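Next, two complexes with chain A in common: one pairs it with chain B, the other with chain C.
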Partner chain A sequence: MNFVIPGKVKTLSFVLMAIGVIAMVWGFLQGDGEHGEHHQRWWSNMLVNGFYFVAISLGALFFYTLQYAAEVGWSAQFKRIFEAMFSYLPIGLVIVLVLLITGRLGMHHTWHWMDQSLYVEGGENYDKIIAGKGAYFSDAFFWLRTVIYVGLFIWFANWFRKKSLLEDKEGGTELHVKQFKRSAIFLVCFAVFSSTLAWDWLMSIDTHWFSTMYGWYVFSGMWVTCMIFATILTLWLRKRGHLPHINDSHVHDLTKWMFAISMLWAYLWFCQFMLIWYANIPEEVQYYTTRFFDGHGGLSPYLFPLVMMFFINFALPFYILIARDAKRNSNLIVGVGLLIFCAHFVDVYLLVIPGTIHMEQYHGIEFWEWGMFAGFFGLFLLVVMKALSKAPLIPTNHPFLEESEHHEI
Partner chain B sequence: MYDDEQKLLAAAKELVHQGIRVKDVFSPFPIHGLDPIIGVKRTRLAIASFMYATGGTTLALLGMWYFMIHDWPMNIGGKPSFSLIQNLPAFVPVTFEFSVFCAAHGMAITYMIRNKTLPGMPACNPDPRTTDDKFVLEIAASQNHDHDVENLEAALKQTDLMELSIKELA
Partner chain C sequence: MHKEAAIREPLILGHKTYNDITNDVVGPIEGPAPMGWKILISITGLISLYGIGCIMYLIGTGIGVWGLNKTVGWAWDITNFVWWVGIGHAGTLISAVLLLFRQKWRMAINRSAEAMTIFAVIMAAMFPGIHMGRIWVGYWVFPLPNQFGSLWVNFNSPLLWDVFAISTYFSVSLVFWYIGLIPDFATIRDRMIKPLPKKIYSILSFGWSGRAKNWTRFEEVSLVLAGIATPLVFSVHSIVSMDFATSVVPGWHTTIFPPYFVSGAVFSGFAMVLTLMLIMRKTMKLEAYVHVKHVEYMNIVIIVTGSIVGVAYLTELFMSWYSGVEYESYAFINRFSGPYAWSYWIMMTCNVISPQLMWFKKLRRSLTFTFVLTIFVNIGMWFERYVIIVTSIHRDYNPSSWGEFHATFIDIGVFVGTIGIFLTLFLLFARFFPVLALNELKTILKSSGESYKSDSEH
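What follows is the complex of A and B.
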């Protein structure tokens, strides 16, 4: 029996999308610059949201393949949830791709290095440091990488989904072994590309700056948001009676992931910060000084959201979710999960905005920015729900299904 | 004594069902799902571990404040230490490691004391074969006043057991 999207959820996602559209129009009309003719803030927010939700899908695809590659049994029952989550990949990747193309065409200035005059030696805008990265940012190499990411991720996602549906019909272990092998290959690709895509799409915004920890840091962020979304979705589906064999042990394990990856994220955030703080090299430190100080002896407008989101993403799950009973309490998990989910939006927001908006023009997160977040969330929710309703919610022939149903810790 | 943990598990279930209290089980490895059957309470080791970790955090910060700031301020890598809070990032790794150290050691030592298995303590398992491939289920008559010894023996013989020994304990 297939899952049918409840009318309320459909309405909710359409309402969210409507809010998103209104926020987008409003935000675009706001403009910035001297006469409001630039819309950089709007484009930056498109990238924040575009990346944030694609990251959840990528995290889902990663976790899904991880389950295969590690031959995991307990998660077999709800693998469809992850399939539904990575079904957003094509839409999300196209959004990012459109942003990259419009950026290259000069319609917005999110990626400073896309300005070709920076590379002209002796030219007015010549920038020695950026020109030194010219080979990496050259059109041929950059677009080749981007096309590889987009193509590869969509191809893998489709392949896994197709094989998973085929398994429902055919059964046997042959398909499972195939997926196991393909998963290992994907993980190798993902290990490289998750880092490089974080450099290409996000780190290059602060073009002069670089950090070797960045790729992992972004990756841990996408993983934790994926786990939160998957956990809340599982709890919701269980409450509605769609997943009868999910017991508290499954919820406990999912929340353990949420807890553990929050710690991984905080660990990487802190490592990146501490090394830069300690070494105190000007070209590295400038990334944090823009986020901490305003350059005139005061504090940066980015400092408050930065500190808040670090505490919500680290201290909150640590102290609340550390106990065993807390990891089995649905209400608590959903509450903490939603908070971290929003705080991770602020995390991605702070990766993009300080590099693209002048500090003098920045006065905190605007309402329409949250509205755009809500809109993208509505779109993501609808796509995930649609994909969930297209196939039986519980796979029928997965070899580990029996093991998953008797999961007990 | 049983030669398979599943047999022991079934036996324990049956005995508890008859109202017999199982004193303890000796096994070479943890038997999944046994604890709730024989009425072992959930361990409080996790709470102890959290307290050890908190103690470690406090101790580490206090120690570093005393060594590096109060007693003899040190300038390391251009970071003169005159304030703990301003130099906190440098102290976080050590604090973290020390917390883990305290939690791990505290937990291991607590565990061994509670189980009376500190190095040098006399072994108290009834049969050395339980460290190899056999499983012993121990029932004390003193804990089962509702059943006399013959009754207990009969109940045990009903289960799929390998060996039965009755000992008079002082």
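What follows is the complex of A and C.
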């Protein structure tokens, strides 16, 4: 018996999407900035949301393959949840691809380096530093690797889903071993591409700036948001009686991941910040000065969201989720989880917006920006639910199934 | 009741009983010392003495006897320090992180890995000590009031953070290791016949009675310590990396350093654990407990951490070009093509290329191959630190003060000496301590023992 999407959830996701559409229209109509911004803020928000949700599904594919590669037993029962989450990959990647293409066509100015006049020596826009990176940002190389990311991720996601459904029918351990091997290969690709795509899509927005930590930092963010969504979804499905063998130990373990990766994220955020702040080298530190100060002796408008998001992403899970009982308390997990989920949205937002919007024109996160977030969330939710309803929620022939059902800590 | 899937390989081979485990682990402690052990400890003892001699000479004469000069003011001393701290990481990772991940195979190796950690950290801690020159004022590293005659320490300096990080790490590792030993000491106490050893092991076992209450507390405290030790694994090597990364030296200042150092530390630590375990399982006849599957798991950790380190090397290399900062680019060009290029290529071969061979199942399950590879990794990780430290500072912003470093026999003697002391301590441990966590092993015998597993399938 397959899972049927409850009417209420369908309605919810459509309402969210409707809010999103209204917010998008409203945001677009906010129009050009004083400096001829070409709806830049709208495009930037498209990237924030486009990346944020693709990151969740990439995180899901990563975690899924990690379970195979590390021969994990306890999670075998709810691997369908991760499959559903990475089923959003094709849609999400196409959205990012469209943003990249429109950027290259000059419809918006999210990626400064896409402006070809920067590379013309002697031209009035010539930028020596960016021209120095020309080989990396050349059309041929950039589009080649973009196509490789998109193609590979979608191909892997489909392959895993197909084999997983096949295993339900065929059984045996041969398929499992195949998935184990393929997972290791995926993880190798992911180890390289998760960094390079973070450079390409996010770090390059601040074109002059660089940080070797960046890729791993963005990756830890993906992983947290993926764990939060998966945990909340599992709790919800269990509450509705779809996952009869999920006990408190599973919830405890899932929340441990939420907790641990939140700490990893905070560790990476802090190390990157602290080292740059400590060394105080101009070409590096300007990334943080724009986020901290307005350059006229005052504070930056980005500072408040930055501090809030760091507080929620680090201190909140640290103090609340550290206790054993907290990790078994559904209401608490959902409450804290949703807050971190939104705060990670602000994290991605702050990776994009300060590099694309002039500080003078920025006065905090607007309502329509949250509206767009809601809209994308609705879309993501609907896609995940659809995928959940297409296959039995609990796999039948997974070799570790029995281990998972008897999981107790 | 825990279930273990049929496709998992057993962790304890053959048909062992609880009594067999006790005999296998405690037997060697009860008997007389074998000849091989006596020979080995004589050799390592001599090497230690040579090292101690070099250290005495160093302290008596001054650190000028090292090959340091005005350009390269930091070389083997700090390289050895970081190398040893790194090796010390595996013990805590195996005991704490793998405990949190409920990896049962850790039980065969955690005891000796933890012992190795303690000894490696002691070796590491020696280097800042002897590097001070005036070791008799070594207590100045602690924030003592001015009445002691020193100024307050510089809290802005990562070197000071290191003092705190390493002393915390050492204390927690020691407590963790010791708590694990208590039930095993009690087992030895109960078997000893001679009164003196019985008394000693009785004191060491803190009056352990083996009641359910003792075990509950034991398990709780292990988990709490694991929770404390896990962030410590990260903090120690992150702070070690900050000794370099907070500076403005090209090649040192890069944000990826903290996580990449942590990964590199685990990588080198696992290599050292494997080097020692492969010898120990053979000489102490522990083949049933530490077998090919354990080695394979550890080799997988080596591939993963080695590849993470590889990604970090390449990221640094790429960013040095991408940044457009000419000093940064030069630092890296100099690394792979300058006067120390040989050390860079040793590092690359040993750390990045050779572990990739472990992708072949045949090779990662071959004990001989693994042994050779772990030696490679140990060498490679020493050179990694050498490359980072010496290559980066021997040519920096000011070409007129470029220089080169040449090790003296004291440099070499001190380093070789620490290896000798380390091995001596490890041999003493192997002789008088239970080298496997025997009471913990008993908990998995019925679920992961070979004969029990095959019985339950029929």
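Convention: the second predicted complex is superposed on the first by the 405 of 409 C-alpha atoms of A that agree within 3 Å, B and C clash if a C-alpha of one lies under 4 Å from a C-alpha of the other, contacts with A are read in each partner's own complex, and residues count from 1 in each chain.
Everything that follows uses one rule, which is that a contact is a pair of C-beta atoms (placed from the backbone, for glycine too) under 8 Å apart; a residue touches a chain by one contact, two chains touch by 3 or more.
Nothing here was measured: the structure is a model prediction, and the numbers come from that model.
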{"item": "Simultaneous placement of chain C and chain B on chain A, clash or fit", "value": "clash"}
{"item": "Chain B or chain C, by number of chain A residues touched", "value": "C"}
{"item": "First (chain B), second (chain C), both or neither touched by A:Y278", "value": "both"}
{"item": "Partner chain(s) touched by A:T173 [first = chain B, second = chain C, both, neither]", "value": "second"}
{"item": "Contacts of A:M263 with chain B and chain C, given as first, second, both or neither", "value": "second"}
{"item": "Partner chain in contact with A:A140 - chain B first, chain C second, else both or neither", "value": "neither"}
{"item": "Partner chain(s) touched by A:L105 [first = chain B, second = chain C, both, neither]", "value": "neither"}
{"item": "Touching partner for A:M213 - first (chain B), second (chain C), both, neither", "value": "second"}
{"item": "Touched partner set for A:V192, first chain B, second chain C, both or neither", "value": "second"}
{"item": "Of the stretches 6-14, 78-86 or 114-122 belonging to chain B, the one that collides with chain C", "value": "114-122"}
{"item": "Residues on chain A lying within both footprints (that of chain B and that of chain C)", "value": "274, 278-279, 408"}
{"item": "Contact set on chain A toward chain C in their complex", "value": "71, 73, 128-129, 132-133, 136, 173, 176, 188, 191-192, 195, 208, 210-216, 263, 267-268, 271-272, 274-276, 278-279, 281, 283, 399-400, 402-403, 405-406, 408-409"}
{"item": "Complex contacts: residues of chain C adjacent to chain A", "value": "1-8, 102, 231, 234, 238, 242, 245-248, 253-259, 307-308, 311-312, 315-316, 319, 322-325"}
{"item": "In the complex with chain A, residue positions of chain B that touch it", "value": "32-33, 46, 50, 77-79, 89-90, 92-93"}
{"item": "Of all residues in chain A, those that touch chain B in their complex", "value": "270, 273-274, 277-280, 322-324, 408"}
